[in-house]
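For reference, chains read A, B, C, D and E in written order, and residue numbers begin at 1 within each chain.
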Amino acid sequence: MAILSEFYLLLSAAVFSIGLYGILTRSNALVFLMSVELMLNAANINLVAFSFHYGNVTGQVFSLFTMALAAAEVAIGIGIVLVLYRNFEDIDVTKAATMRW
Amino acid sequence: MAGVYDFVPAVALLPFLAFVVSLFAGEYMPKRGAEAGIIATAGSLALSVWTLLTVAGITGPATSFNENLYTWVAGGEGAVTLNFGILVDPLSALMLVIVSLIAFLVHVFSLGYMNDEGETGLPRYYAGLGLFSASMLAFVFSNNLLMAFMFFELVGLCSYLLIGFWFREAAPPSAAKKAFLVTRFGDYFFLIGVVGVFATFGTGLFAPVEGAETLASFPELAEEALAGSAEEAGVNTFGYDPGTWFTILGLLVLGGVVGKSAQFPLHTWLPDAMEGPTPVSALIHAATMVAAGVYLVARMYGFYALSPTALAVIALIGGFTALFAATMGVVKQELKQVLAYSTISQYGYMMLALGAGGYTAAVFHLTTHAVFKALLFLGAGSVIIAMHHEENMWTMGGLRDRMPVTYYTFLSGSLALAGIVPFAGFWSKDEVLFEALIHGLGSEGAIGTLLLVGYAMGLVAVFFTAFYTFRMVFLTFHGEPRTDTARDPEPVRWNVKGPLTVLGIGAATVGFINMVPVAEVTGREIDYLHKWLAHGDISVTTTEHYGELLHTFAGVDPAELGPVAPGAVSLVLALAGVGAAWKLYNVPDPEEHTDKLGGAKTVLMHNYYLDEFQVWLATGVTVPLARAADKFDQGVVDGVVNGISSVSLFGGSRFRRIQSGVVTNYATLMTLSLVLLLVVFVVAGGVV
Amino acid sequence: MAIAGPVEALMAVALVGAFVVFLAPDDSAGRIATLVSLVPVAGSLWMYAVFDGSGNGLLGGDLAFESSAAWIALGRYEVAWHVGLDGISLPLLLLTTVLTTLALVSSWTPIDERQSQFYGLVLLMEASLIGVFTALDFFVWLVFWEFVLIPMYFLIGVWGGPRRKYAAIKFFVYTNVATLVMFVGFMALVFGLGDSVSSFDLPAIAQALRTPGELGTFFGIDPGTLRLVAFTLMFAGFAVKVPVFPLHTWLPDAHVEAPTPVSVLLAGVLLKMGTYALLRFNFTMLQETAIANAGVIVAFGVVSVIYGALLALAQQDLKRIVAYSSISSMGYVILGLVAFTPYGFGGATFQMIAHGLISGLLFMVVGVIYNETHTRMVGDISGMADRMPWTVGVFVAAAFGYMGLPLMAGFAGEYLIFQGAFASTVIPAAPLVTGVAMFGIVIVAGYLLWAMQRTLFGEYRLATDYDVSRAPVHDVVPLVVLLALVVALGVQPRLVYDMIQDAVNPLLHGGVLPWW
Amino acid sequence: MVVEIGGFAVADWVTLAPTLVLVAASLLVFLIDTVEPRPGSSSNAVLAAVTTVGSLLAFLVAGYLLVVGVGQERVTGPVSMFNGQLVVDGMSLFFVVIVGSVTALVALASYDYLAGEAYQAEYYALVLLAATGMSLMASANSLATAFVCLELSSLPSYALVAFYKDNRGSVEASLKYFLVGALSSSVLVYGISLVYAASGRLQFGAVAEQLGARPEFAGVLGVGVVMVLLGFAFKTASVPFHFWAPEAYEGAPAPVSAFLSSASKAAGFVLAFRLFLTAFPEVGGLAGGDPAVDWVVAVQVLAVVTMFVGNFAAATQEKVKRMLAYSSVGHAGYVLIGLAAISAPDSGFVLGASMMHLLVYGFMNTGAFLFVALAEQWGIGRTFQDFNGLSTQAPLACAAMTVFLFSLAGLPIGGGFISKLYLLAATAKAGTWLLGAALIVNSALSLYYYSRVVKAMWFEEPDGTVEIESYPTSLYAAVVIAAVATVVLLPAFGLLSPSAFNAASGLF
Amino acid sequence: MTTRPRLVTDVNYRNGAAAVALFAVMAWTFVTAQFPAPLGFGEGSITATIGYAMFDLLEQVPDGHGETEGFLVAFLVVAVVLDAALDGAVMLARREEDDSVVTALADGGRRALGAGAADESGSDPGDAGSGAAGPDAGDAGTDGGES
């Protein structure tokens, strides 16, 4: 007995929202990066679940690419966080707010 | 036929050339441009006389002339064609002579009044005179209403230029402005009338043009429309009854007449216009600008004769103005002011005559008035030269002995003005009153009553006219000199005396062309002017035809009454006026009896507060209105424009605050908009 | 049909001349520009002499100097370079070239910095103005129409008065919005025509719009409503340029701040773009809409006349007076256009020329006085006639021309409009409405006479510290030339009126109009 | 597998030549960097030259392919390759032309701009890699490819914005860009996963086929479509995912701002066009009937809001560069009209308008940012007042800037005039009056703020504190070339508009 | 001060509500969707299929794995992406010898002159408030409340 696909969706929505919640409430850049990872993985849950739902492997393959891209993104992200720290002596994303309006 | 008619345009063109020459070359001429003007007006006079003789049939068979010469604008199908053309008939031929004669004399007189006094800017002066004469002459021979209007306006321009000749002083430019503005106000109605006439009839011709196909004149078309149906005559009456519509048009045109001929209530500019050089005043009052209005009514009399209402209005305006202006003339202290009011008054008589069906009388009075009023102004100019440009009569006195030529010619003019037999004014004024009386008596209904009212006012005015005229004469020339200047006036030269003499003789004799009472009494046919105007090559501009029209359409008919008794009445009144003046002012040391008038004097001195009223209209109504409009424009109309921009920019400056600089806030906003979009487009299923 | 003709040559001369002048030294830029601008004058006079067009260019008349070439395809719509002249555009072309040259000459005195840029921009503007009055393709026309704004913006903004920046931006944005609004209106029409047109060729569109039944339903809007919407949008767009109350407030600011030669062109030519466009678009293409709403349109015209004149009465600045009176005078053009009579159209077109010359003249003469006195306020100067007799003489003549003195061009234009409007069967209560509008001639006399009395006459007095002397000859020459033109056109309007009449008559035939 | 190019039969991947040129150039840059790791000025010139030539070549090749009709109806029809993951058609080539031209201009300008900076090789390599990603986005025909290519263009961009590592503005800009970008790509990929959930496919055509007009899971699909739409909104700097744009453009080195605001935006748009028109036409109701997911209206809303946000915020800026950044947001709103008004019967007309606007925008906006680069190079400051009287010292550059600004505002001095009116006509054609009205209002407002710069340069008196000493050649050249191109695009608009129209029509 | 983790106290719960709202909307949508039973995979190695798919060897994909799509392009591009990421990350992360220099590009190199920016703010509505918005002005946290 397979689990109904709606529940995968619900799970992924929950993961997505948790990641988003982290982004919205926390100001630490690294937490931000981690939260983004959560959100990307929420998508992966969907992809894998619906790969099974439709009986094709497309979703699974794509989820692999998503992971790879997540890694690349974090690489750049960490680089930016580094220079952020050097310039602002902090990794609080809300501190870097000199440009506005 | 290369006859005199081919040269008629030159009557106006010669003074125009003089204008050009004086303007550009006057600086280099010994008399600063006067030469050109004198030669040109002399030429015009000669041509005019020749024309008159031709029309009279003295050089050949009596003819008239009416042709379009020049297409100003051709509108093509469905639109009227606007032409310039020349109409020479007895009326215009006579007027041409009068105008060119006066213009010539004024030019000569100006040598004495302007050149000898060492005025500067003379080329401008003579250029103005030239243009003035040219415009008036062209106006006189215009064969259609539009052309007439155009030169009518040019006359107004010239009056502006000449009244404001001494522009460095404060008063003349103001007077010039007033003259133009007030007449412009009248011309506004005139212009509507012109447009209306063309729109109604498709033509503005005063008289039909004979040619390959005859072009009908608008009075004829109006006559046809009244007689038959408007559609048949091809007349568009804009949904009105033809009679009503023609009355409206006539009254609109009359607006211009009232303005230019200084009739009540648009007469206020004329006394102010005395700020101009005196020869200019002579020209304006005698032959050009002011005469233009009355001439216009005479010119299109065939149209007015169709409308009893218009006639009654003309007569009433005329009669009232005659009396009204005469009363104001009684209290004036300046020589020229008195003359100014007398002009208004006299033109009122002409209007009265026209309104009362006395076409010939009006033309007669126009003629005699041209002569004696020009004389009086030039005489006044002579006095002013003598008095070193002092115009107040109370500073004069006793000039009779020191300047006899001026005195006797002036006296001749005054007698004419006062209407003392046998001077010119008597005959013409008498006829005006006579015509008003007989038509008032002879016409049925309201028009008859109204004409009688006009007559009554005119009759009363006779007394006042004689009174103020001789008050003026006595104060100026009789008694003891009241100032040193009056004791030792500056002598005047031939160029002043010459024109005075010519006109002085004229003022005494010109009335003989139409001595109706004498003709009546003696039974001899010496009413030459009647004959002159009664017949003509162009039948629709003859008094015969006008008489028919008056009878048929306006219901104006003469009563059977001899001219002698009414003439005697007015003569008695005139003599009474002279006598009163004699009694009061022909004393060595006259007093200002006007003080006895009390409050009435104040009212009269202020010209019944009409100036004040008109100034109030301009500065008390129009200017505040304009200011209010300006405030509205700046505040509301422009305010909305600027407001939109301010609101946008303010909105922008608030709007950009969304970009708070904190990336977490961005994320929140992004999330919220995502939620919003989802709610609208997914949960609710779209906008609609 | 040639690909390039005299029209292109005129434009090219102005355009190339503009760039030459941009690179010229400041000292000689004015002279070079003037010389260059004489070529278009000569060219347009030659075109006038050999003009062989007939009929209305948009309604199948024979165009003179026509040329066309394919240009752009927007979707399935062809945009082609298409220029040509008919009896309406040729007089306006003449006005443009002549007035530009005179404005250039009159710039010699007042423009004393960055001359090469100034004169180059004026020539640039001339090139685009030529385009506006000759283009026969909507997009080509629109390019020129909008391009005019750019040199104008700089001319006001760089060389203008104290509030030049405000005035420049106001003018710029205001008129630009107007263009966009108008554009949408026109596009709706073109698209509403559906398959019956496949280009933006104005004659094709005009003829299609005048053919009953060609305009289809567009997005549920029935043809009648579509016409009304398009008419409204286009009228609003053009009304800004004219300008018509209440869309006029950019004008006084622009005029007052602009340097005098620019005011000359602004009043003399740029305003005519608006009425020209109204004539070409609204009153050629959407006649039944215009006729059905004549009452509203004429109200805008009459209100402009009276309101503009009243505003002029309240002003103290000579240029502002002339600026507001331009609103008044252009109101007459609206009155003439909406009359739908031969003289209405003809008079309106003639009035464009006449007002172009006279307002240009009046601005120029105010400028000459300003050059000497450095003030334009009525209260600051009096008795100028004492010091500058000839200039004042021209001033008086120009002012009377403006008041509609007979035998000057303004009278001819106004009279013909009145004649046309009075007999109009389209305007409700035409005689009355015309009569009301005509009251403008009294007010105009009021404020001009008042201003003249205060400034020109009376005792000489000046509130600024300048030594006033007679104006230099090159300041006076353009005045005299203009005055001569004004008089010539007043005495013989047929110099241009015949071709105008020939070009406007077809507007009253065929199409949707019942008769004429 | 075989297509014909100009008479020669070649393998289908040859049509990807522009992309391959870009990749090759980036590898060459890496190679040069390897040979001389700490480059001197001479190798900087080589790097810049390689980048410029490479992107120019890509531009020319794409242009050639476009002209000879590759991938277009009149020759071969769309060239689909790699089992439908990529497609080369008129639209993709058209956008490669845009990307290539912008990249070439940016690379040319960067030579002077970067003089004396370290990490030049990395800079050029990243530019080229990002350009590669953008050119591939134009061809992507599958959600997977699309996402990967999008990341290829995004990741180098983040790094490029932070190029001035020790400059707070640059780093802050990069941080915000990255964070917003990361969030957006999460949203995008989640959206993709939902589309997959609703259809079981990732390739555009297959998705459309599976969904049909009445998809079973409209709700899930709807969430997916909206999320994908917003993912692209990030790339195109459209509201509500535009927040990064003002900061990133302001903080980044000016050539990078030019690159991002022109090329990157164009790439985002082409992908959006292709995705929505080939994957979601029927669910959007384009084939008739009620839409299951009314994304057209959603785009309309976004377009209007984007216009207003961008232009109103731009109107009151103090800094020229930030003003241009906001105006770039505003222009995204204009271009969105291409999708928003797509319901028209004649959609090629509408979409072609957007494409032409992006093309012209590529030159005029790049030019404007490059002028700012010039100003930064001069060190005169960034506010409007700092530009006061600049025309007296640098008339040529100021004239070029004037051309850019007026063209951006839609005045007939450059191609922007026709493209903006074309867009306005498109709104009329589609009967979307609200869009037209919004375009008019915003256009007017934009004229106001663009002319503020012009006013500062030409009307104001210089304050006299700044002397311009250098006139950097390559930067000047780039500015002037962009200006000339902008002007030439007015008369030459007709040379390209049929391509855009045909390419756009080809999507239906 | 030790470096052990501490309870975070500066959590912005208000912003978090947005995420909760999003979850509510998504959950409502997903729960209302009625998906049929999953098809599931048929015969064949999924791992192998993933490999075939990555290399576009689609003819090798077993029938039971449905219409699996090819990913060769994505595969190649990801390779380049990783390249780019590496390049970018290295560039950013590399430490300079003298990284103490901190300039603000946002000031255009005119920090010294920045104070005079309010020259003509009165004359032009567009410049309203120019004095208040200096680039470094609001750094201290005056801007928290906007959103």
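Annotations
In this text, a contact is a pair of C-beta atoms (placed from the backbone, for glycine too) under 8 Å apart; a residue touches a chain by one contact, two chains touch by 3 or more.
Here the structure is a predicted model, which is why all the values come from computation and not from measurement.
Where touching is counted per the definition, the chains common to chain C and chain E are B, D. Nearest to the common centre of all protein CA atoms is the CA centroid of chain C. Contact count check for C-D and B-E (C-beta pairs in contact): higher for C-D. If each chain is reduced to the centroid of its CA atoms, chain A and chain C end up 64 Å from each other.
A straight line joining the Cα centres of chain A and chain B is 96 Å long.
Averaging C-alpha coordinates per chain places the centre of chain A 9 Å away from that of chain E.
The distance from the centre of chain B to the centre of chain D, each centre being the mean of the chain's C-alpha atoms, comes to 77 Å.
For chain A, residues that reach two or more other chains under the stated contact definition are 5, 9, 16, 20, 23-25, 27, 53-54, 56, 58, 61-62, 65, 69, 72-73, 76, 79-80, 83, 86-87, 93-94, 96-101.
Residues of chain E in contact with two or more other chains: 12, 15, 18-19, 22, 25-26, 29-30, 33, 35, 66-67, 69, 71, 74, 78, 81, 84-85, 88-92, 99, 102, 104, 106, 124, 126, 128-129, 133, 135, 138, 143-144.
In chain D, 144, 148, 151, 155, 158-159, 162, 165-169, 175-176, 179, 183, 187, 200-202, 219-220, 222-223, 246-247, 250-251, 313, 315-316, 448 are the positions where the chain touches two or more neighbouring chains simultaneously. Looking at the complex, you find that chain A touches chain B at residues 20, 23-25, 27, 93-94, 96-101. Residues 8, 10-13, 15-16, 18-20, 22-23, 26-27, 30-31, 33-35, 37-42, 46, 49-50, 53-54, 61, 64-69, 71, 74-75, 78, 81-82, 84-86, 88-93, 99, 102, 104, 106, 133, 135-136, 138-139, 143-144 of chain E are the ones that touch chain A when the two sit in their complex.
Contact residues on chain D toward chain C in their complex (touch as defined above): 346, 348-349, 352-353, 406, 409-413, 417-418, 421-422, 424-425, 427-429, 431, 436, 439-440, 443-444, 447-448, 451, 454-455, 458-459, 490-491, 493-494, 497-498, 501.
Across the complex, chain A is touched by residues 656-657, 659-664, 667-668, 671 of chain B.
By the touch rule above, chain B contacts chain D in their complex via residues 645, 648-649, 651-653, 655-656, 658-659, 661, 663, 666-667, 669-670, 673-674, 677-678, 680-682, 685-688.
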